[in-house]
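Note that the chains are named A, B, C and D in the order they appear, and that numbering of residues resets to 1 at the start of each chain.
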């Protein structure tokens, strides 16, 4: 009810909002994943490429055991070790893609939302063109044409996030650019650059940064999809690739579901954590529902 | 009227830009000759290869400048001539491959979309009217789980549970089966794509309905003595559908993307799986045609969504 | 354009601000339709004077205020401030002029950046213009804050939302004062405030005006508030000024039928005053397609054929009291009975 | 609106509340939006509830009607309608009364009409529901009501959407919706605040005329003392969730008792004052409903407050004039009031001399 909100909102001690237990749980999981991704070579893991053939167990794949926590694949490679290594590419690509998207898309969005006019018209059209491709289709198109390295795959996914991020940044900027405090800044004689940096950015950057986690979730899933289709980083182990390996034949999936299910679990928990933490941050910063 | 004309004009402009981007990417980023001929293109010592290169260059006007090639390709494309596929077994026209496979993908995407919409609307209505209660919280958690499940992973899980373990659903798609069983075979692939999208729709629509329920006109409806279900359905739903409709349009892209994965996992020979195969085979004309068709239909769908908007919101009618 | 005349302007050079034939047009979206928010108005403000501008929503009063600041620039017309023509100044020159003309907005919450500390907000203008050392700036800001009744210590620690609406408006006023401007344009500064707080802000403005030798333009829809603070009042209707005069004279003896309608419409907080039945129905028409002739003619009880075809010009009916009406309620031809040949 | 009631004691009140309390659970604690309000509205009478934002006036009107959010609300006390207790009814039980017996007009006609529904449908909805009319019958009635509220071209208007109407027209539609089923009790919550002055007067005239013609009662919530002065029989002044003074309109304006009411009256600029007359101010700001001040809630802002005001909450007492109650230890006219008044005057003249 509006009347009570008004009277309560103005008072000095507005109740401190909390992020909650779930949020910190998610953050812990993400921190763990980042740790794993950063230090995989230093961790006491089995070699992800060695074949641990064990004649006593017959032909691989071997089911999970003390020796191989997540079991092994058809070539008797350790799924646990491979899954840990997979975190590396997934998280790196996810992180760099969304960073690139935010830097480029965010800048374009803020500038076009603030200045409007022809800059806005051009950038908006470019955004619409980029958004006219279903993102996976555009990703497939581009990755198919290039040497697929960590850098290029990140760049392609970064390119894909430019338009959605740019549009959000533009909308958020426009929402503030018309506010009277911006007008007030202009009429004390502040220059555009000053206004963008001091008045607009603090208001746009904080809500946008809470969307970064959600965006990263999208990028991680996209990388997984590309990898699943065999179109992500060519050399290296990825979660999507692992899942694909365990499911490409119905027989494999039936006999040794662990090969794909453990990477699925890791991927799921990571994406869930990114989504959940991002969503909590979004409500925490009171950002209106926006879809990336 | 003016509005419709403007929207259509914009859509045409978009399609042009999309085609330029696609054509440009394939011709600039990749080597078109390689894309057409594969490894043969690099084999300049073999007389047979040289001959093939000659033929390809003429066939695809590769000696002409890029804009001219684009114009030729575009005029062919709008007339339905998508060129020929590059394959070891003759050169069947791309249009044939497409017309055979496109209907399957369309069916799959439509089923998924239908499913997502008709699950999410009641789901959102119920949870929004019970916002904050235990059932709503559980449903929100469920939605989170679904959204966080990438569809290629969901496909693997569904396939494992329902086809392999329980045996309720067929494992694969058989192109020669009668229509009914083919539709049945598509249920699992459609669920794979539709479920996460349904969760996305539900979360969005739920929030919008809750916002609408806080509006004064809902209070006015209450003061008239209308019952709660009536207020929900007649007063709250329609004004809450605006962003839902936009998102349905935009998510068609996600569904098409999902169909690529789903078709690959469930082995449905649609254009999604064909796209992946062609990319891996470097089959340039097929990739070009599929990307163009997908992007164009996406543009058209969003155009239709814009028009649907005017049906729901009388304020944008001009 | 058959302008509404400039008879009411005082000799050039006397006024701090002189606005002539100001026109502001907006385009609505991409429909190609044009809104004539302000359609050729002229007025002036003397040094130390307070000019009130009243009118209903959509009459262009706020647009006028913003057009003086060149935010956005007017479509045509001239704005002379302190001897300088503002409409032709380039961006850099205009920035400098803006330090001498300041503006206060209606929504006190929205006019303060929600993510900056209040003291920083007030210091911002000094920062932009690099006036004085950090310490000098701080001292100036604290002095102003105290003057408007805000505790500088609290301001240094708090964000705008931790203050009430009335306090936020004081903070806005403080910000507009730090550059020591000559003219302050107040755009509905008290209409978002509670009655008890409204009086605080009006009194504060009066005090500050005396202390700093300010000139004010006070834009509002509340006639009583405008009367209280203004020396001279201009009544606007659909982008035009229909009457302008000293506030006491204009309120006791309105000459334009629209002014009279406005005054009669206000519910008086006294049950013994018989509520006058308002005879005029209808609402202001859209500024997209304004009526020809006198813009008030479709609602005016004294409208004649002449009013429908010919736009009235400003004329003096009492010393300092001007009206743009063919049939003013006094000082001109008697209403209704007059026929045009 | 002066109606000469025959003998006030004989007329049974249409609405009566006793110690009505409505509290909201907020993240900061319990907000006492309405905190023990007792009042009566007789048939054919209109009561004005005046107060600033956060005084609880809107919540009071919604609480009487039973129109509160479902979660986080605590409502206590009694509400009687036509002698029957309705304070304990659930919204579901209230539905037969809403629209038919009681109706409400909201502040902003822009947001109170369903933007995607033709106004005709919005008017006929309750007619069809409560009176079981067919769609064509209801349309005919709606057209007549549109004429009553002076909407030009009613037939055409019925087929329009709210955004196609002007602000004043929308508010007339709102009134038409409220009047549709011929209710006895009308709640008008700031019905003219969002409108322009010239339109405001038209709507107020229309409301009072309809109330009179249909012999309805009205509770008019507003912050504008001018509106209550001209259009109500009685006034209740609210401050911090409580009614602090209540009297027939004429009595209140001529014989004010509560210093808050007096200060409120003096702080509005008047048309008949010369310009630049200094306005009386109330220092500070309205009280926090979560942590209201102890004693009299106005004490921290009151020029006449003494120690006892901060310690003890003044009870609502009868004034010498009939039907006039107020809650103040040192009302306007009391010896203590005069004593302080003299001090204040002296203080202000000395400051004036110094200046």
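Simple rule for what comes next: a contact is a pair of C-beta atoms (placed from the backbone, for glycine too) under 8 Å apart; a residue touches a chain by one contact, two chains touch by 3 or more.
Since we're looking at a predicted model, the values are computed, not measured.
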Mutual neighbours - chains that touch subunit B and subunit C alike: A, D
Winner on C-beta contact pairs when A-C is weighed against C-D: C-D
Centre-to-centre distance between subunit D and subunit A (centres being mean Cα positions), rounded to whole Å: 53
Mean-CA-position distance for subunit D and subunit C (Å): 31
Subunit B and subunit D, separation of their C-alpha mean positions in angstrom: 55
Of all residues in subunit C, the ones touching two or more other chains: 164
Multi-partner residues of subunit A (at least 2 other chains): 14
Junction residues of subunit B - those touching two or more other chains: none
Residues of subunit B touching subunit D in the complex: 132, 215-217, 219-227, 234-235, 238-239, 312-315
Complex interface listing, subunit D residues touching subunit B: 65, 67, 71, 91, 94-100, 102-104, 106-108, 111-117, 125-126, 129-130, 161, 163, 174, 177-178
Residues of subunit B touching subunit A in the complex: 13-14, 17-18, 21-22, 25-26, 29-30, 144-145, 147-153, 156-157, 159-160, 163-164, 171, 200, 204, 207-208, 247, 250, 252-254, 256-258, 260-261, 264-265, 275-276, 279-280, 282, 287, 291, 294-295, 298-299, 302
Contact set on subunit A toward subunit C in their complex: 9-10, 12, 14, 179-181, 183-191, 194, 198-199, 202-203, 206
Of subunit C, residues touching subunit D in the complex: 56-57, 164, 166-167, 194-200, 202-203, 206, 221, 223-225, 227-231, 247-248, 251, 261-273, 275, 277-278, 280-281, 283-284
